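One chain, chain A, appears in both complexes that follow, with chain B as partner in the first and chain C in the second.
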Partner chain A sequence: MRLEARSRVSRGAVLVAPFAAIAFTLAVCAALVAWAGAPVGRTYALLLEGAFGSRFAIAETLTRATPLILTGLAAAVAFRARLYNIGAEGQLYLGALAAVAVGGLHDGSGFGLPPALLFPLMLAAGAAAGALLLLGPAWLKLRLGVDEVVTSLLLNFVALLFVSLMLDGPMKDPMAMGWPQSVAINPDLELPRLIERTRVHAGLLLASGLAVAVWALQRFTRFGFALRAVGANARAARFAGLPVGRTVLLCALLSGALAGLAGVGEVAGRAGYVTLDMSPGYGYAGIVIAMLAGLHPLGVVLSAVFVGAVMVGADSMSRAVGVPNYIADVIVATALLAMLVATLLTRYRIRWGRA
Partner chain B sequence: MMDFLSSLGDMIASVPFWVATLRIATPLILGTLGVLICERAGVLNLGIEGIMVAGAFTGWLAVYHGAGLWTGLAVAALTGALCGALHALLTVWLTVSQHVAGLGITMLATSLASFAYRVSFPQVSTPPTIQPFAPLAALQGIPLIGPVLAEQTALTLGAIALVPLAAWFIYRTPAGLALRMAGENPAAAEGQGLDVLRVRGAAIVGGSALMGMAGAFLTLSAFNAFFMNMVNGRGWICVALVVFASWRPGKALLGALLFAAFDAAQLRLQQDGGALPYQLYLMLPYVLSILALIVMARRAAYPQALMKPYRKGER
Partner chain C sequence: MTQTPSALRLARITKRFGALTANDDISLELGSGEVLALLGENGAGKSTLVSILFGHYVADAGSIEVFGQPLPPGDPRAALAAGIGMVHQHFALADNLSVLDNILLGTEALWLPFSRRRAARDRLLATARRFGLSVDAEARVGTLSVGERQRVEILKALYRGARILILDEPTAVLTPQESESLFATLAQLVAEGLSIIFISHKLDEVLRVSQRVAVLRAGRLIALRETRDTHKAELAELMVGRSVSLPQREPRERGPRVLHLQGVSATRGGRRVLDALDLDVHAGEIVGIAGVSGNGQLALAELLSGTLAHSAGTLTLDDQALRADPRDRVARGVARIPEDRHAEGIVGDLPVWENAISERLHTPAFSRWGFVRQRAARAFARKLVARFDVRLPGIDSPTRVLSGGNMQKLILGRALCVRGDAGTPRFIIANQPTWGLDIGAVAYVHRCLLDAARQGAAVLLISEDLEELFAISDRIAVMFKGRLGPARDAAAWTLADVGLAMAGTPHGGQHAA
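Presenting the complex of A and B:
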């Protein structure tokens, strides 16, 4: 078996790739559903219904998609410059902590500032917390050549333990009966609901708006050009006089900030406080979302809705037919691997037999 | 200060400290050797974290269903090898990103293990248990190190014995030379008539089998049950340890022992009701791994073709 580069990459193939990957994934996972002893057709129908079958279901899917859009963007931006940020999970948690630090400590009095000022401050703090956490790995990559994948991964564990430390100590909610839970933020700082009697909040608009902004940044600005050039060929970019190091650092700040904002959104839009299980792996799912979208910021919104739908649908399906909801994680992981292969096939042709 | 130093001295001289160190080091030794073999052939294998979970689960499940402990270990190795074969197909033959494919393998293996665990045991409140490997009490009589070894299981001794074996394989056999060539200069290796893709594929399958066994140590020796988050970053730590070890088996053993000694020390300090919050102690292994990467960064002699896919006729 060997690969042969295609002379041109067809636009149609690039657009079809994610759908082919998802179709392949669902076919493979059908075997697992059957193994778990459930009727495949009915299981998938229930999954779809759980995700989109009612006003409430759609609202839940969109609520779940909100942090996923942001972690997906975080991965998409970083991967574009070949900065492999695998630390979005930790960045999300630190962003959430920062939101509580600004909006929740001192009984949410917010250092005497009015909510109109405190709200942007809370967003900025969350973004800064996430950005700073990625700055270290990015700097180490540039200066010492330390692989950022391993450092950003390891920092996830450190960040989560730091959150646990804060929830035991300075940010502990004394009313939570011993549950590790932070104090709540000032209700004036919470994001408004978008649909009555559901949990969809204005964070969805913020996340979608940021997707457009990131797309425009990449498409139309000098920084965006440098970002794409560094990702395409860092040596050529340096030779052409582009500031490679600065671009990578800025990219790290942007990526970390997006993941940090995902944490702020979860605090201000959904829970109001931080818990140790507030993210069921949103950071890691962001990588899958970015890959499914072909790293395109607008595509990220669509693939985040897909992953959110799989998660919400699997929960509801699991209650009905008893297939463990871990099937959602299996689907997401398989989709990632399938998408890697599908993307490759848009650029290469497989020839069987020896050269 | 003197108090602290003397209690530290007492700890290092104590048998339980060394017993814990060797036990903590075992999965790290196996996992680090696994990563080392893959990377010597030029392929990063970030699937380790998930492969360890999958190995821990399948090995334990086989024993739970009545297989012998050694059969369970073989099942775990086979599980690892299968995951490795998938990683090899993706990264060596299809040449997709080694970073992302490895993460994908980790996500897939972890979620499959959780899924299969839930399907096999739909309603259990306490995790079912097995009878794990017994300590080698017969070694008690060896002078000096006897009391430490007598608390270990055969897997720990096996893991340590594997280190010189791996070194001999890598530096003294034709297959080891082929492995190193595939990781340093695949084009030259091809020129010598080697099939680089096959060498790399075999290295990943073999290395991943070791990773599966590293996971199985947790369920078949260190504990007696399977927990979903029991690997808890040990795989990533192995990836860092390989850099720390400069891709040498002997140094990998040293790194794993050093690292495990720190971990055993922090566990002890935690139990003694240390003055600091317990989370700070738990952070130590991860922080140490990052520090090890930073310290070794300037001296790291990466295999020259690490993370570079090999496509025939392409430069």
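Presenting the complex of A and C:
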């Protein structure tokens, strides 16, 4: 068996790849479901029903998809420039913390500013917190060649411990009966609900709007041009006189800001405060989402809905049949691996034969 | 060569890659003790054919026989066992190991007991003696010259029992003197009964070493000639499919000084790569830089392209200092043609039109308020593609699908248009602009450089191809170990002098007469 480069990468194959990867993933996970002793068909039916079966289910899926779109965009835009930001999880938490710092401290008085001013300030603070966390790894990568995968990944733990410090210290909610939980933000700063009696909030619109904005940025602007050129061939970009270092730094700021906004959205749209378990790995799932989307910002929206659906559906399914909801993590992880292979196969074909 | 028994027989080999037929029904025979030249332009199918022979690819149809035995397809080990040895253009040697270790690598375990190592050493020296290839078995490969390394590669194949040797563009990395010594070696090998396939696109050496010439074009075997019955012009025409004439330099008016280097040095990674260079290039002249690859040509090209800063000396263009900034170069009318098209010239995944404007993206012509002016950019790309005759599926297709020649035309067009559509660049730095191109494209590139010089551009041409340098340069200088010799009139150089200077012997020695 060997790999042979395809002379041409067909556009159709690129579009089919994520669906093939998902189909393969579901087939593999079917075996696991069967192993757990549950009926495969019914399990998947319940999963689907749990994710899309009712107005409430759809609303839950979209609520989950909201931070996933943003972390997916964070990964997609950074990976496009070959800046491997694995730190979206930490950036999300710092973004959330910054949102509370602006919108929750001083009893939510917000330094005496009106909510109309405080709200954008809260968004900006969250974005800035996420952006700054990635700036260090990007700078180290440019100046010293330090692998940003390692630094951004390890900063997740630093960020999480910092959040823990704040939740037990200066930002602790005195009314939380001792739980490590931050004070809540001013209710005036909360994002409005999109659908009555559900949890879908305006963060979904913000995230989708940002997906379109990132797409346009990549497609139509000078920065987007440089971003794609630097990612595809940094040496040629440098030769052509494109500002490689500046592009990578700006890309890091953008990516970190998107992940930080995911944290702001969770605070302002859902909980109102920060806890240490507010993200079930949204930052890491963002990597899978970006890969499934082939790094396309608009594709990120679709694949975020898919991953959100798997998470919500698995929760609801696990209550009905004896399959733990960890199956969601297995599906998401397998989908990433399957997508990597599918992407490889769009570029290469397998030749069977004696070697 | 019908009287000699055939060493190798290829019967009706066909190989397709998608819509492209790389080898179309090729039948060839290699006689024992024969040198068969495989001649063809890039993309003619030479490499594919050899890869099939060596088992890297499996043919869609056809069969191979070695000394009368069928060769199982797709199995490099079977090819080795059958006695096929290959010397690639880029050597596969480990610099930090000795010659002996390199030859044993992959053949035998390296933790051989002392006695068996000695036996292997004896066998190696015996092989070397038999074929007249002198080597120091214990020398570290890193200390050897390129010619010596090639000898080690040949020896490696012979040690493994090769009776058929395939040489892929063997002279590409050699000085003229080293090439001569290679040809002598080949004669010795043939005298010992080896059969050789010699792949090349250089006509002179093909005529020099081979008994027969097989010409490939567009995947088909176009002609098979006895070397003594053919001549250069016929082979060139067979190879290209039409008659071509390479442009020659013509007398030109030499204008004022454009580029000026005085005592310019540069370092990279703490290592001095350019050592006190002095050079003037005037408007309307082409100065050629010769040298064995790796003697600082790349650093010189990067220095002039704005991607490497100098650490000492004066570097001016039109008497104004140059700073290490590619954008500044482009703004000052410097046209830059990099050595490595794929790695540096273009971004393969981006569409053609984006690559066409990448050097001038930040100018008001192609962007405003941070947005790319797509309409202007596409119009420019379309004009460039038409003017420089770039053949492509469309300006929106990814640039990597372009053939080498068309990619080079795109880069050439982008570079020569630094001053807008009509203007001529002030200065052109071209590093190996015809590397890997077919004759038609080579002629095109040469014509572009000559035309630019005629219109008053100063041109610096760095090349490892001496024929090219002598064909179009007005003056030639030789680089060796980061130093640059004086630029003398091309007519004042002989090929032998250049060869000696390339090997580090100062010219004007006892050979000067």
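Keep in mind that, in the parts below, the second predicted complex is superposed on the first by the 352 of 355 C-alpha atoms of A that agree within 3 Å, B and C clash if a C-alpha of one lies under 4 Å from a C-alpha of the other, contacts with A are read in each partner's own complex, and residues count from 1 in each chain.
Note that a contact is a pair of C-beta atoms (placed from the backbone, for glycine too) under 8 Å apart; a residue touches a chain by one contact, two chains touch by 3 or more.
Computed from a predicted structure; not experimentally measured.
Judged by the touch definition given at the top, the superposed model places A:Tyr326 against chain B, while chain C stays out of reach.
When the two structures are aligned on the shared chain, A:Arg222 is found in touch with chain C, with no touch to chain B. Judged by the touch definition given at the top, the superposed model places A:Asn233 against chain C, while chain B stays out of reach. Once the two complexes are overlaid on the shared chain, A:Val341 sits against chain B while remaining clear of chain C.
In the superposed model, A:Ala138 lies in contact with neither chain B nor chain C. The interface of chain A with chain B overlaps its interface with chain C at residues 355. Residues of chain B that touch chain A in their complex: 46, 86, 90, 93-97, 99-101, 103-105, 107-108, 110-112, 114-115, 118-119, 122, 232-233, 236-237, 239-240, 243, 277, 279-280, 282-283, 286-287, 289-290, 293-294, 297-298, 300, 311-313.
Interface residues of chain A facing chain B in the complex, by the touch rule stated above, are 1-3, 32, 35-37, 84, 86, 140, 144-147, 149-151, 153-155, 157-158, 161-162, 164-165, 168-169, 284, 287-288, 291, 322-324, 326-327, 329-330, 332-334, 336-337, 340-341, 343-344, 355. Touching chain A in their complex are the following residues of chain C: 17-20, 57-58, 72, 74-75, 305-307, 325-327, 329-330, 336, 338, 343-350, 354, 358-359, 361-362, 367, 370-372, 374, 401.
Put simply, chain A touches chain C in their complex at residues 4, 6-8, 220-226, 228-229, 232-233, 235-242, 351, 353-355.
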